[in-house]
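In the two assemblies presented below, chain A is common to both, partnered first by chain B and then by chain C.
Our next item is the complex of A and B:
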């Protein structure tokens, strides 16, 4: 899936996550994470974001995530929404 | 028939509600992708509901999704997400005719075939117009997937050119028609939401009214309404005691080949026995009595 545009999804409200997606010049996933629970769950959140992007075959991407204590299902949903917006694509359900 | 007193609406874009609604133990959690979700957030809300449906927290509670109409850009994608997520019930908004149900059913069947599931998604039709009310009997009988019909009062009162009142006079005809249509089709009937969450007295009064009319339950907009509604729908101890007495007398009569029986001088016949059985069912499913009590 090719990132065409910048896009975002989510909010900065409690229990949510704000995801900003931008095209990136290198074939990799560049991830910046700020989280209110970073000390405890930072690594797990990063792992989840990268796994979700890999499942969607996304590379050449810069992701900025501002987490306010979101559950896994919210992180996945917001990230996938941002990616699909950035790719101007409908969901490929088998990848979600 | 499953107990469905409380169907809690959960806006699909409201993260906290989507993640926590199951905690309040409504009979059905009803995720909304329609009116409560802004157009710009339809895609994100759909994905959130899809993942919530698959989350372990929602495996022990009945789930429904109110999808957008099929003639909108969102309806087909909503159904795909809901069915793939494993939803129990899809709620159709603005059901006016049998075709609305059959079209929706056809889309659901296509998704079910595509993913190879054996689960048969049920349908709940929301009737929200004069045309829908007039067609309620046909609608209620048109599909084996239909588990119930529900009144959508806000759009309905707009359609008949009036407004909501505390007394609910404007809804009398629609409630009667929807209830009778549901009963004739042997499916469930659900009342509309009571939107003013601060007006507890008004809510209690409305729930008592729709319970007496015979409605199986009601759509809710706030978790605080669940407990009040369950209390009103729960049988009293006096009613439970009476029900046990009736069942015991009926069993005794059957065993001894007696015809008509009476309790305290009042005749007990088949409708009375059926009512007693329903009271015990309500008491059991409400957790007021256990198997050992029977």
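Our next item is the complex of A and C:
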């Protein structure tokens, strides 16, 4: 999927994550993560974000995430929502 | 969280609701800011319990009712303000608040730029300050006296040119910052071009484009609404603290030059604060000596950009010609045709 616009999803509230997606000029996933549970789960969250984006076939993307201890399924859902908002193509629901 | 809580967003043209926000801010010891364009409020039933505002790229007027603190309402307000900003295409944001809230806003992805007098803080959610500091470092020059001037030059007059020449004479190197905000009568591109043309003969001057960190709507919002007489001393102080602590050290600035200000109260007040804050021997960074240079006069009146604007209005071009350099005069004559 091609990131065309900037988009965001989520909130800054506890147990949620606020994600911003922007088009990026290079063919890579540029990730900025700040998390209230960074020491314990920082690497796991980064891995999850990158895997989710790769599964959606997304590159050329800048992701900024402000995590407040969201669970994996929340992180994944917020990220997918932001990506879909940033793309102009329709999602393939079976693959999500 | 209580289900009776509702969030709404509205523009500054909604006078009735803005008045309610003002009342709420009053109650919480905060001032309303006249440049806010979008407000976010949180209500429980019909009672306002939190609010916040967006002015360009600055979040401000953020307050939570004293009885409702500790419930994370501030996070809700900031979420909605961020959404409002992003929807308008503004991603790199600043935030004005009070020092007790630093931790909350850090949790929202903001970093502290500067704190002033234990009263006010300026934060940003990008890493632009660090980038700007690195850029300044690369332009650093050696010398015993590294001078600096910050000017709007709206437009460039013989007064400005005299100030720059004097400062250039007294400095090994001079850094000249031009206010970048396009909020004045003359556009930034024109203002800086006229300065560059007017000081071509000086060899020890770097002309810097200003930034969000020097007399901008972020550091010093009331500068741009001074005609309305809304002077906020704390903004002036904040701007000067940012200059001293966050910018000057990266260029090794030792002096700041400024023209005496006989007319404009805001500018004169700024000059007085400049001496207090930049030259204070106790501070986070090295003090900067402030040198006030007497303005030159024409026909017993100090030359200033405001006088130029007045003469332009009066179409008094003969007198105007005497107080601006030829390059500025030519530009002004082209502009009015």
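Structural remarks
We take it that the second predicted complex is superposed on the first by the 93 of 96 C-alpha atoms of A that agree within 3 Å, B and C clash if a C-alpha of one lies under 4 Å from a C-alpha of the other, contacts with A are read in each partner's own complex, and residues count from 1 in each chain.
Methods note: contacts are C-beta pairs under 8 Å (C-beta built on N, C-alpha and C of every residue); 3 or more make two chains touch, one makes a residue touch a chain.
Source: prediction; values computed, not measured.
Once the complexes are laid over each other on chain A, chain B and chain C both fit without any clash.
Angle at the C-alpha centre of chain A formed with the centres of chain B and chain C, after superposition on chain A: 120°, rounded to the nearest 10. Of the two partner chains placed around the shared chain by superposition, neither chain B nor chain C is touched by A:48. Look at A:1: by the touch rule set out above, it reaches neither chain B nor chain C.
Of the two partner chains placed by superposition, only chain B is touched by A:74; chain C is not.
In the superposed model, A:36 makes contact with chain C only, not with chain B. Touched residues of chain A were counted for both chain B and chain C, and B has more of them. Of the two partner chains, both chain B and chain C are touched by A:13.
Nowhere in the superposition do the C-alpha atoms of chain B and chain C come closer than 9 Å.
In the superposition on chain A, chain A positions 11, 13-14 are in contact with chain B in one complex as well as with chain C in the other.
Against chain A, the residues of chain C that register as touching in their complex are 72, 75-76, 78-79, 82-83, 86, 89, 91, 107-109. Note for the complex: chain B touches chain A at residues 15-16, 18-19, 43-44, 47-48, 50-52, 54-55, 77, 80-81, 84. By the touch rule above, chain A contacts chain B in their complex via residues 9-11, 13-16, 70-71, 73-74, 76-78, 80-81, 84-85, 90-91, 93, 96.
Residues 6, 8, 11-14, 18, 20, 22, 34, 36, 64, 66, 68 of chain A are the ones that touch chain C when the two sit in their complex.
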